[in-house]
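In what follows, chain A forms one complex with chain B and a second complex with chain C.
Then we have the complex of A and B:
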């Protein structure tokens, strides 16, 4: 019974906060340009719904696409580094160095290289979400139990078989941890990319709304972004649950 | 039971085998030119203090480490790399946690690209023999330590190897489970007559299970003593309580202790 009531608790807290916000804004007569009331944000959401939906589709598509590319590229990069010691020596220190970089600062560079528009936006979103996947996957592939590897070798197992039957299953939980980070990073990347170089998407909409001082619309776009980000994150969690049911282990 | 015929080819033979690991700054001499063989059907125990290079001997027998000097013969042929007819067991059961018990037992077939259908009957039969019938679909984490090690025995035997290599296979278990596993092994043993090398630091276990015991010196490993266990088979675990048994274990303990003192002097 308590468990059934639990999900309602944070929802209740959020509703309370919204009510408090609404009350404060009305009581202190805060101008909507500074801080719109939840009510006016809701109105804006309703009125701009078709527009928001169109731009949400652009941002959602770009972020999801970037996420999937980052996932594939990150897994490939990590696998290459585990299968080839030379690749590790060449790439790993550089990967760590890039990881330390404030990657958002490199956004404008992508515009220089790829011009304004979707390619530079996507490239940037992939760039920021690639590292969490690659690092997590690499850590997972390297976490394989040496005895399990020995076991495989004792049967004449090849390097590929060790990878396929030992390293890959070991890395799976690590990969999902990395994918969760990457899912949020892909949205960050897509929105920042839209700030810099786009003519569509929620990030672009926010910039337009800033120009028109339409703060309720900014909040409305942010609300849609929240939902989009949560949706992609939820998909990753669902995939993780499915994988755990299929190959699940309690470690 | 050792095959006494001089014409019989040994399951495995070490010829003057030495092993040095190129560690830094000082290379590690693990094994110092040892020579011994295991007859077909013989159970050989290698006894020695921890870290004396016993495991290195076993890894070389498994084809997982190459000797620095000397050579190994497996069934009369030079040993190059892991042999198809060799089963291995480690200190830990080393079951793959994401596979079912049955899939773990079938794992050697997976790696050897042998269709599961060909060996699944044998796998089920082995699981039944060690008392794991009904646990085929279970995951390793649902089993106790002893049950996991039994599954590991089944896995080592699934491809019907003629040589079994065991590296302190029961050392991670508690004393009672350990005795029980000895019984399981002895039981399987007496029915299959495979050759085996069994590395252990338990004197009791070595004398109870083996046909012959090699006592290794401290590192680098050399054969300090060779002892043929005089007890007939089938053996009963109660054998360990007889004065004859105790006399042998006391003697072996003395040999090991002498080796340790030599080290300190």
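Then we have the complex of A and C:
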């Protein structure tokens, strides 16, 4: 009963909001430049579909690639810090310093360093999404039960075994929480990078549409972007479910 | 104390390494300016940096305060009313997943390229962490404490003020800390997109000229503003602790 009701209620609310929006725009004759009706956004979505698909592929590819690199690098960094106290001493304060830095503001520097194009865009997206993964993974690896670790040591478990069988399972839920943030941040990084300077991608398309005051197209491009971002997020959630079923991590 | 010293040492070592690397390896100053050049840029353009820094700082601070008020108000309303929760939570959750920063150009369309646009965007970005923190905090009250209140005949208001609020504060503060960073980021992204004034504009402008030292100087100032905003939240935390005259109850996640 509740399981069937749960998806229906938000869907109904969303449809109601769309209908209200369409009705309001028509009734009050809001100019399309300010707020296009859902109908005109759909028309724009349909007409610009090939163009949108091409730019969506560019942004989606860059963001997904950056997300995967950030995931791998974040996990590696956190693991290194747990396995080596020296690495912790060297890296952890700097990691915290970067946490305080408004990282997105560094976007233009990546253009200076790597020029226009995919490498600078992806490097920026990796830079922005790496820290949530690293911090979450580190917190997770450190959250392992010290009694379990002592027991493992007493039984002659090696450092690697402690890492693999005690720390890693504890860290998985934390890692997925970090990965969810990173998925959103990777798209944020890619799009902000495209805002700053790019010659392709949805962010670039949005800026072009802003210049032409083509608000329906802005909405259409943003809608595609939101769907892409939500899709990557959903993939992380699916992976989390699969991992929980496979390894039985309890939250 | 020793930990803090070690941290400071690591950061100082990084800065020294940076300075030495730039001096010994001939890197073009357009690519990476040494810390000394950043200090020089700070000293060379004080009027420019102060003017734009002030614009960014007061937009971010105002945006943060308004977002905090709105987030706490709506968070309290949502946790009080199940109907409101059912109606609005799907939208809140959907917006959590969406890359909200990408919506900046919409605010330009609606509000033009001035300060209202950047502040509205900063509020929009910083609002959600406060809302989520408030709701999670108010929902996190220990059920035993609530039952005790009911048994002792406490009124709804007494329960909220004396029990639920103290339990909510740690989560709320965590949300406010995130919001402080987000408000500044919102203003900076707004400055990227509108390109009128502010440190974000200086960063863009300096990068396009290849003035890397100026860019890094502006980013240093941005960090300082971020720290001040963070400090505002820390001060609030301290003030609450003094007023409450007891250690805050550690929430589930503390």
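Here is the rule we go by: the second predicted complex is superposed on the first by the 247 of 251 C-alpha atoms of A that agree within 3 Å, B and C clash if a C-alpha of one lies under 4 Å from a C-alpha of the other, contacts with A are read in each partner's own complex, and residues count from 1 in each chain.
Operating definition for what follows: a contact is a pair of C-beta atoms (placed from the backbone, for glycine too) under 8 Å apart; a residue touches a chain by one contact, two chains touch by 3 or more.
Nothing here was measured: the structure is a model prediction, and the numbers come from that model.
Enquirer: Where does A:247 make contact in the superposed view: on chain B (first), on chain C (second), on both, or on neither?
Expert: After superposition on chain A, A:247 lies in contact with chain B alone.
Enquirer: In the overlay, work out which of chain B or chain C sits against more residues of chain A.
Expert: C
Enquirer: Please work out whether A:156 is in contact with chain B alone, chain C alone, both, or neither, and reply first, second, both or neither.
Expert: The answer is first: A:156 touches chain B but not chain C.
Enquirer: Considering only touches as defined above, state whether A:148 meets chain B (first), chain C (second), both or neither.
Expert: The first partner, chain B, only.
Enquirer: Touch test for A:166: chain B only (first), chain C only (second), both, or neither?
Expert: After superposing on A, A:166 lies in contact with chain B but is clear of chain C.
Enquirer: Which partner chains sit in contact with A:107 here, chain B, chain C, both or neither? Use first/second/both/neither.
Expert: second
Enquirer: Quick one: classify A:210 as touching chain B (first), chain C (second), both or neither.
Expert: A:210 sits against chain C, while chain B stays out of touch.
Enquirer: For chain A, what residues appear in both contact lists, the one with chain B and the one with chain C?
Expert: On chain A, the chain B and chain C contacts do not overlap at all.
Enquirer: What residues on chain A touch chain C, complex-wise?
Expert: 9-10, 13-14, 17, 33-34, 89-90, 92-94, 96-97, 100-102, 104-109, 111-113, 184-185, 187-188, 191-192, 195-196, 202-203, 206-207, 209-210, 213, 215, 218-219, 222, 225-226, 229-230, 233
Enquirer: What residues of chain C sit close enough to touch chain A in their complex?
Expert: Answer in residue numbers: 6-8, 10-11, 14, 30-32, 86-87, 89-91, 94, 97-106, 108-110, 181, 184-185, 188-189, 192-193, 199-200, 203-204, 206-208, 210, 212, 215-216, 219, 222-223, 226-227, 230.
Enquirer: Report the residues of chain A in contact with chain B in the complex, numbered from low to high.
Expert: 145, 147-148, 150-157, 161, 165-166, 169, 172, 247-251
Enquirer: Provide the residue numbers of chain B that touch chain A in the complex, in ascending order.
Expert: 62-64, 81-82, 84, 86, 88, 90, 92, 94, 96-98, 107-108, 110-112, 139, 141
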